[in-house]
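For reference, chains read A, B, C, D and E in written order, and residue numbers begin at 1 within each chain.
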């Protein structure tokens, strides 16, 4: 199949709630090529998790979803429900934030890894077992044959996340989505898992979407970075560009707010005033405007579109920042 | 769980609350109503319903007004169920919170006492208490209240532990709060809503237990008209005058259902994840 | 549970159907109370038909039996029972060759052994007072002479009701406790299997004294506490007969569901008993006020729908029935006057009704409370007692004001004597009236029917004037059965004679 | 964490020792309370034995004979001593050994309690899973409303209605009584069915609601979402992933219900005339048959204790999470 | 075996807080764990000590044990020269206002049923301050943390965002005018944009009131930013302690080194870090013998299994607990084993 692995066009996911419609994903477009790593970064509540859930058809039950999603040329949005579930199950793997809760605590891990292949590819019990052992080996779980029979709580946090990765890989997906896959882990383990994920993507030629709130995690690993704020992508481009020459005021401010290892103690951090917006609101204009140091009149009435620049770097800001971040 | 009760809350909840409200008013104001005394004869025995006015529900086997007895019975049944529930909730709530707060030996002692109550054959306690003390509303409230301490204690303990895990109690200790303040100002207020909403559900159960006891002949002694006693008395005439059983049964059913509906609704709101602590 | 003084009178309830003797025929009879304490005839006081009387009747048979409706005494395993002219010396003749199922002969010595055992204080038999001062002499293998302390021309009724079951002396001597659990008698059936609180299976006694009897091969007693369920069991074909208890309303109910009822109207019945030894009912006015305030017709109808109040101490078929009603009529105005009088004297009437919990008695107490509460200067409370409390508080300690008991009076002897005589065994009222005592002694000691009639009429007059008791409902003993069951003959307080019970058809 | 498995036995020993001490204390307290309570009750077994005609002197003599006049602590200690040697005494009423009397009736109560729990589970599991899977759907609405309604029916009403419908009118089942297993399984079940159903009426909603709530909660778990994104069929997810974690709370609750029924099927037993423990209690308590009452109390308490221990054990054996900890 | 020799302190005055040989054990299903094992440190007035380590290393437990919440099982906590572990409950309550804490999860630490004003006033009320005085102090404290008392006073915690709740929690501590503020992961639950606000606020109030902070965090960047000195903990022990610049600039313990290497830097052009650490933190139920880090240490030698290293000075205000400190015997980083049990996958 030619063309990009994943194409998302104008995806929206609006969730009704008591306070009004939550526009968790509000017009997101993306493309991802095979073998590429896309970093999706944003603060909690910006809609990044809803975005990836919507991608795999796991949006909240009452949400209204619109837009087009194409994986390997097949349009997910045109598929009937069951077919779509089966397709996603086969072609997309997902790794979630909390490996403990992503694993069924009362089912041995071997079965959890093997059940999807058994179902999608009709493997026998023994074959599924062998495959599970093989996958555990691949993700670096020592003594895989014995550990198949173990339950999730018998593993450490890092190994558990490796198991969920093995589960995600079981059907040889073309696209792997890691939703805050290392957030619950300690830094030393986080590094191991990040190495594992990027290594697997590279070796298998998968597309990898890494979702994180941690700019540091994205900076070192992603080919492309997309910054989300209030349900929209506000800046997108090659990682080096986005981090080196942040254009959107939000990206810029965020980079300035991080305490850095190389800065001397008691360095005053740049502060973004206020708090992230409530997505149930329906105010017109740029969602970042109330917290933006450079906002103008236009920002409060008109929503800035995502404008492309050279080198695939795009931003949605009427008053983009210039120059290097600190 | 979270959305169902709220949605179902519509008509069913209103009907249930309405019925309980009406019943409560009737029970409270029973003295003001122009009803014959519940133990006074108003006509021949076993008059059918709607045969005479104002005895629209007819008379019972003794010739007493079923309507009057039903409403007086509401007062007794509600007194027993609410009284016993209150007693159980307060005692159980205190014990549960104390067990969670004190831990260690006190927790073990409370645990033994609660388990002992649970392990005790309820019928023996009820019969024995009724034999030792003169049976009546007070005795029944006391014994039922005692019997139902453990579930409340369990619930209160869980609620208190959940709050102890949410650091605000330790935070108050860091501010220098003493035991009394920690227990009564910090820990207990938060445990009241789950215990209270559970109490509504338990009140429903109590009504049925009172009925069962009357059925076994160890409930409220005659001539006091509790619903259970009315059902028990009416079952002798089941073939002849089924309404004598059906009328109090219906009242009991509706009340229990209403308590359950309201209680479950409250529980879902107070504590969405709560399972059945019974 | 029904409390019944342990005695009754004689009579036959002839049944028209001729039973078919089918081999393998089996019938089930449902009773209300388990034979908790075993089946030793010396140790039973619960001789109600729904309790142990039926079981005893089946296992031990009857030496003599009294017809439930007339009180006439008939021979059973015993051949004859006659008194001398004074009514002091009685001669019991037994049949030839009757043996217990363990082979021990049922002879004069066996009867003597049984009776002496009952009289022995060590046995602690509740029946002991009946044989106080009585001596026995076996003058021949089949002849027993019984000498009474004082004359009693009605002693045959005592024997037919309370002393009619005789157990094998061999078995009793071996181990009395084991005997109670595995009784050995000479009755129509022998105990085969007993699962407590469930059923008791009895098999035909092939050596029963009467050839060709019993007709059934197997007899099963089942225990169901709920009276309605007892009837349901017969209605559904699970059982062939049931003793629903004393409530007559169940009879109508059974007949309503297509069942039959073998019944025998008797005298007496449930009576209110006033504690005449203690305030407030030591005052005649208090008793009168309560009695006059009551509409006994309504009372009977309410506490037991379908029943009627007795108009005399004696049943309608009794020779002692006065012919016209003698019981006091309702007079609310007079009752109120008496009450006001008491209140004016500074002792307004206030009392507690102590009753067992069963439906009939509970309704009685509720009825009394309900009706009496309409009068002024009268306050009534109800106290429901469990059996042990009732036994101890009311019957033993006599710590009560108003209670009730069931006293069948087919013949005044022996129950009325026990009830009303100053030292009577069931005189829980503490009632003492020398005139009554004299009249009762007269009735007992006289063999002349006219004199007896006069004596008992005197008793009735005095009781109506003194009101230590008030009979509140006509007694009818009955057993509900399916129309397949035949040969139901009621004796004593209303239990069956089992040797003639048979199944028709199939 | 993985090494945790190694230390488990040592610790479980400590825990079970504490548990045993706790349960012993419970047993002691229960029997002591029961003895004291029965002691306080007016009336004596002698009255029940000797009947209404007994004189106070006779009663006193009998009290002395049975030792009812001895001081309470002496009697209690004596009884505990007997208990330790397996001797529960003899029933005052029947003269039969208490242990035998109880063991004779135990199977009946045990069977209907088990059957009731079984019926409850059979109904509650599918309905609970499916109604929890579609909260607010038509099935869920019917099931929740039905459960609420069933919960509001007193057991004695349920029993009477069942008897009327399934025994008297149709004649499918006997109205009352009992057939032991020795009478054949079919016959036994025919008698046990109605009482069990009457009990199940009240208990099914408890289990159903527990399971439904659990299912609703489990469906929100990440691992269910994970399974869904992996394209596993819905039925597979419901019964393999959703039901499994709920199985333990369900089994626990079923055990609790079972324990409760064992102690509390009095109403049904008296209605259906079953020769079970409830009937025995109902007969012994008013008669002040102290040895039997004490025996029953011990049995109920031990049952409670054993059920609790089994639930604990069940957790450690069945729940992989506690197993290795 | 004392953890820190008391002698060479840069400041002549006695420290505000001196902790020695602190031990805290917990009974857990499976046994007893020693969450804090012979920890000692000092904290001067107006100083910030950062306590950093991965989850489960005992840093939060240390912070709470200092506050006697609950009291430690052994060791000494001297605060303003007073031995806290020896105080009665009543005396401890008297000292509490001077020792305040800001919790990790501000929502959980604020009673949801109370109004903000009452929450902040709770400390002074308990301390028995005059009523009249309290209202003014509460308003001042709220204003100081950037909240408008008139606006927020009557609202309840659930109406606020996490950052605002943390401000309320800080106001709650400040109103008691403490000397020492234990900050237990105060920004861990906050978004980056809000985290900066709270960090700046804490720095401001510290400066203004001359507070000493015990700042507990897993985030090495945050700790570097706020601290004067830093202690690195591993499995219940302090492995390295010292001046922030020397610890971060020249880490002497291999664990500190690996930790610093593992921190993801928001700079795509950052130099590639050293080799990743293998494995994970072992179970605290059965910590490794000797040096607790040896199972993951690239430098581990047999001696490490036999002998637990004590803290020893490696510079001015810089101590390390390692037999083969990186500072003394500079083992070249590249000579450390680079292959791990884990699949190799460096950044691209």
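Here is the rule we use: a residue touches a chain if its C-beta (ideal position, glycine included) is under 8 Å from a C-beta of that chain, and two chains touch if they have at least 3 such contacts.
None of the values given here were measured: they were computed from a predicted structure.
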item: Minimum number of chain-to-chain touching steps separating chain B from chain D; value: 1
item: Identifier of the chain whose CA centre is least distant from the whole-structure CA centre; value: D
item: Separation of chain A from chain C, taking each centre as the mean of its C-alpha atoms, in whole Å; value: 90
item: Cα-centroid distance, chain C relative to chain D, in whole angstrom; value: 41
item: For chain A paired with chain D, centre-to-centre distance based on mean C-alpha positions, whole Å; value: 52
item: Junction residues of chain A, two or more chains touched; value: 156
item: Residue numbers of chain B (touch at least two other chains); value: 127, 131, 235, 238
item: Where chain C touches two or more other chains, by residue; value: 386, 389
item: Chain A to chain E touching residues, read off their complex; value: 43-44, 138-140, 142, 156-159, 186-192, 194-200, 202, 213-221, 223, 239-240, 243-244, 253-255, 257-261, 263-273, 275-276, 291
item: Residues on chain D engaged by chain A in the complex (per definition of touch); value: 1-2, 4-5, 221-223, 225-233, 236, 240-241, 244-245, 247-248, 319-321, 323-325
item: In the complex with chain E, residue positions of chain B that touch it; value: 165-168, 170-178, 181, 186, 189-190
item: Touching residues on chain D, where the partner in the complex is chain B; value: 22-23, 25-27, 29-30, 33-34, 37-38, 40-43, 135-136, 140-141, 144, 148-149, 151-157, 160, 206, 209-210, 213-214, 216-217, 249, 253, 263-264, 266-267, 270, 278, 281-282, 285-286, 293, 296-297, 300-301, 304-305, 308
item: Complex contact set, residues of chain C against chain D; value: 3, 34, 36-38, 45-46, 124, 126, 129, 177, 180-181, 195-199, 222-226, 229, 232-233, 235-238, 386-397, 425-426, 428
